[in-house]
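Both complexes shown next keep chain A, but they swap its partner, so chain B is in the first and chain C is in the second.
Take a look at the complex of A and B:
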């Protein structure tokens, strides 16, 4: 098989869209990872499914922005429920995440079955949101992705030091008078947007891989937040391009899972072989210095 | 949400009078009282220890003064104002264990966070802020480690970084939660010199402390807390076997020796 497809405008379009999605996922995944909210990303992406299907059922439209608005609202509701359950009950955060993930995903699958009976369902191609289908990206889709990505990058640039102190030491941030609740909501909203973008390419099941894997990989190579965010964005973009390339080249492979596999492969390599932090070198190192202490 | 104060310029010095006035303060976590009917007053310029057994509400007291915990009853005035308005005059040292020290940041990055409040939104720390942060690091004897990754620090060095970050805040009231926990003797001496320097500069310092032996050595005022405020005042007046027994129960005999 040749490499003629590299010049193909459709291929370039899909590669660009996937790169942008990977970059946004890596940047926001860095904050999710450092705030120990990787699982929240997974719960939110699964929670997006009922929103997508409901948006279709209610409007009958297969318009992508509209479906993604449904996805965002539903993912947001899922995140909110996790927070409420954790604060208002004795259920632990990990259980709350599991609960929200499975209930929302279950409802989403049930609704999907209902939606499939509609004659227009096949056209709407709702199944593609399960595992993603980057190959069907349209020029206006990529334009929308680019606009959203630009907005996300701008906001992170503007609120850089606020997000940094929020991620490192939220109590200190609150004590200095920062509105930590509002910042938390803003950062979560940006993460929901990143997930909504990822859904069409990678799907609800694998979007969290695009969020977490590049960030986990980047952490291995640097000790500065600035570099980690840029590197995670770069590795995410690389996964997007590489995934598109491989799935086109080998053929008949779904793009979404291949992108997720590329991101995971990069993360695995970094976990093993990164200098100092890589498992391959740390067998004889003295170990961490963290210790639990009493609270008064 | 409390009115948002993230001042662009150095706030004016607070007025005269007591630094903290607390009346009938009660804080609950669920149906468990953490602080019960506390009356408390802190005069300006003291170096005060807050002591009490585990679960006495020491951390909660600091967090309530910062306005991070909402009391169910009582009133708090800090520099004569509600806590949320007084934050610009307060520097805070959380417990070392409150953060993940594997966070990708250098020592200087963390100390610079003490300058954020003086910057306002969007603006990045500039040369002046770096200078102030390095000065604060010099005060705790850490300037040579400014560019070290925080995950590579010892416990004592981590505490020094947290204190340096508070120094970089240039505050009038310093609230420190167990800054001596787990530190070596050298660090303890270095930190106590810093605290004495703050007191000499007319600042008020309140320290949650766990080592009763050193209270008379390091501090001039003390608060004995066990959900209720048992006593507070000059160390010479209230750091007595009787009050300690009321705070800790009979175990306080460690001190009568």
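Take a look at the complex of A and C:
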């Protein structure tokens, strides 16, 4: 098979969109990883479903930006409920995430049956969010993704110091007089935006891969947040491009899962072979001594 | 043969009850999301097994799925123990990878054979009555009912035989280890039980509902009771309620059955979250209000005593001026004085409030017990 597709505008469009989504996921995933909220992304992406369907039911429109607003609102509500449940009851985060994830998704499924009764519902438009369909990205979609990504990067740049303290030591951040609550809400909102973008490309189930894997990979290569964020963004973008490339090249492969697999592969490689922390080095180091890498 | 509706309800109820049991232990061990991870990861096992045996009805598919389920739990645990990533990230790395492999396997290898991803994820309970167990020419009912019923019995037997061991290792793993119950064995047993439950149930009700049935009844039961045996019982009951109530909702409004069941689960949890007798939000607010009032009563008595017999007594201990002196809202002050009067701590003498002997004793207890600071009553 030839490589002519590399010049193909559709391919370039999808690759650009996937790269942006991967970059955004990697950058925000870094904060999620350090704050031990890796699975919040999973819960939020599932929680987006009722919002998507409801947006469609209320407006009858299948415009992507509109559906993504619905997705963001309900993902945000889901995140809020996780916080409420963990703070105001004995339910711990794991169960709270599981609750929000399954109940919201269930509500979304129930609403989906209502939506499918509408004569206007080309249901593919809604169900593409389940598994994502990077391959059907339109120029205006990619434009929207680029704008959102630029906004997210700008905000992270502006609030860099604040987010950094929040990620490593929220108690210290509070003691410094930072508005921890507001910052937390801002960071969560940015994560919700990243997830809303990720939904289009890789779908509900795999959005968490785009958030977790690049960040976990980057963590193995560096101890510094600046480098980790940039590296995670780069590895996320690489997963996006590589995934699009492989799925086009091999053919008959859904782009979303291949992107997720590329990200997972990069994470696995990093876990094994990153300098100092790589697991491959701990099995046998030159002196025959077992050497434990730094944890965390 | 039963009516299809009854059969669907039977299958769903059995699934709800069967999932509710391991769900409690997953909840107690903070592993609720392991069920989620396993239920997604098993797609890989099913697809891999299918690509080898090329038969959708082969038992190897289920064996592959169960194997992948256990593998997921083991891989997450191993990854966490390397210290390179935390547990949440370990989960978030393993299951999407296996799930994607499964999806890619379907896209590449399955070709013309229909392995419907939507059905795997979302499940279709409505089809349960069509999949029948036929034995020796006899129609024994929906296969799902037998599978879920068998699973329920298996889970029950496991939990009843190892009840003490599970209880101890869930609440106090160290003590369990000292007492000679190897925590690793019980952990693996629970993982095996979860994997088996997920594999058996997802085929019938879909991944999403399996996750809901593992997490929601257990978490709701934990809001209603502190003790393990009632928690297990309540969890099963809530699993049944979720299944039957959900079917009712789906039937009435013509909605997705699995979606409605998860929705009803959410409603049940929300009710418990608000109204649970000891742990609900309403009960918490009431307790807080009671504490505030009790504290106010104590403050009142101490205030009255500190001005008793002084020149300012007329001014300070007067019912009309009290709210201003204690910086209380008049209505609140009225209520506090009423309660204190009923408790026999104070009596009215015209406009003046006087502390009774009982009130004096109470104040002494508060001051004596806490070196001067008003005490929080036991609640």
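Here is the rule we go by: the second predicted complex is superposed on the first by the 280 of 296 C-alpha atoms of A that agree within 3 Å, B and C clash if a C-alpha of one lies under 4 Å from a C-alpha of the other, contacts with A are read in each partner's own complex, and residues count from 1 in each chain.
FYI, a residue touches a chain if its C-beta (ideal position, glycine included) is under 8 Å from a C-beta of that chain, and two chains touch if they have at least 3 such contacts.
Nothing here was measured: the structure is a model prediction, and the numbers come from that model.
May I ask you to decide whether A:89 touches chain B, chain C, both, or neither, giving the answer as first, second, both or neither?
Second partner only.
By the touch definition at the top of the document, which applies to A:252: first (chain B), second (chain C), both, or neither?
A:252: touches chain C, not chain B.
Using the touch definition from the top, say if A:219 reaches chain B (first), chain C (second), both or neither.
both
If you stack the two complexes on chain A, which partner ends up touching A:151: first (chain B), second (chain C), both, or neither?
Touch status of A:151: no partner.
Applying the touch criterion given at the start, work out whether A:181 contacts chain B, chain C, both or neither, answering first, second, both or neither.
First partner only.
Looking at chain A, does chain C or chain B touch more of its residues?
Looking at chain B versus chain C, the one contacting more residues of chain A is C.
Considering only touches as defined above, state whether A:138 meets chain B (first), chain C (second), both or neither.
A:138 sits against neither chain B nor chain C.
Quick one: is A:113 in contact with chain B, with chain C, with both, or with neither? Answer first, second, both or neither.
In the superposition, A:113 contacts chain C only.
Now for A:58: first (chain B), second (chain C), both, or neither, which partner does it touch?
In the superposition, A:58 contacts neither chain B nor chain C.
Name the residues of chain A shared by its contacts with chain B and its contacts with chain C.
36, 219, 292-293, 295-296
Please give the residue numbers of chain C that touch chain A in the complex, ascending.
Those residues of chain C that touch chain A are 27, 30-33, 35-36, 40, 79, 82-86, 88-89, 91-93, 96-97, 99-101, 103-104, 107-108, 117-118, 121-122, 208-209, 211-212, 214-216, 218-219, 222-223, 249-250, 254-256, 258-263, 265-266, 269, 273, 279, 281, 284.
Show me the residue ranges of chain A that touch chain C in the complex, using the header's touch definition.
On the chain A side, the touching residues are 33, 36-39, 41-42, 85, 88-92, 94-99, 101-114, 127, 130-131, 205-206, 208-209, 211-213, 215-216, 219-220, 250, 252-254, 256-258, 260-261, 264, 267-268, 271, 277, 279, 292-293, 295-296.
Per the contact definition, I'd like the list of chain A residues that touch chain B in the complex.
Per the touch definition, chain A meets chain B at residues 34, 36, 158-162, 164-165, 167-169, 171-172, 174-179, 181-182, 219, 222-225, 227-228, 288-296.
Report the residues of chain B in contact with chain A in the complex, numbered from low to high.
1, 4-6, 52, 54-56, 58-59, 63, 66, 68, 84, 87-88, 90, 92, 94-106, 109-110, 113, 116-117, 119, 121-122, 124-125, 149, 151-155, 165, 169, 177-178, 181-182, 208, 210
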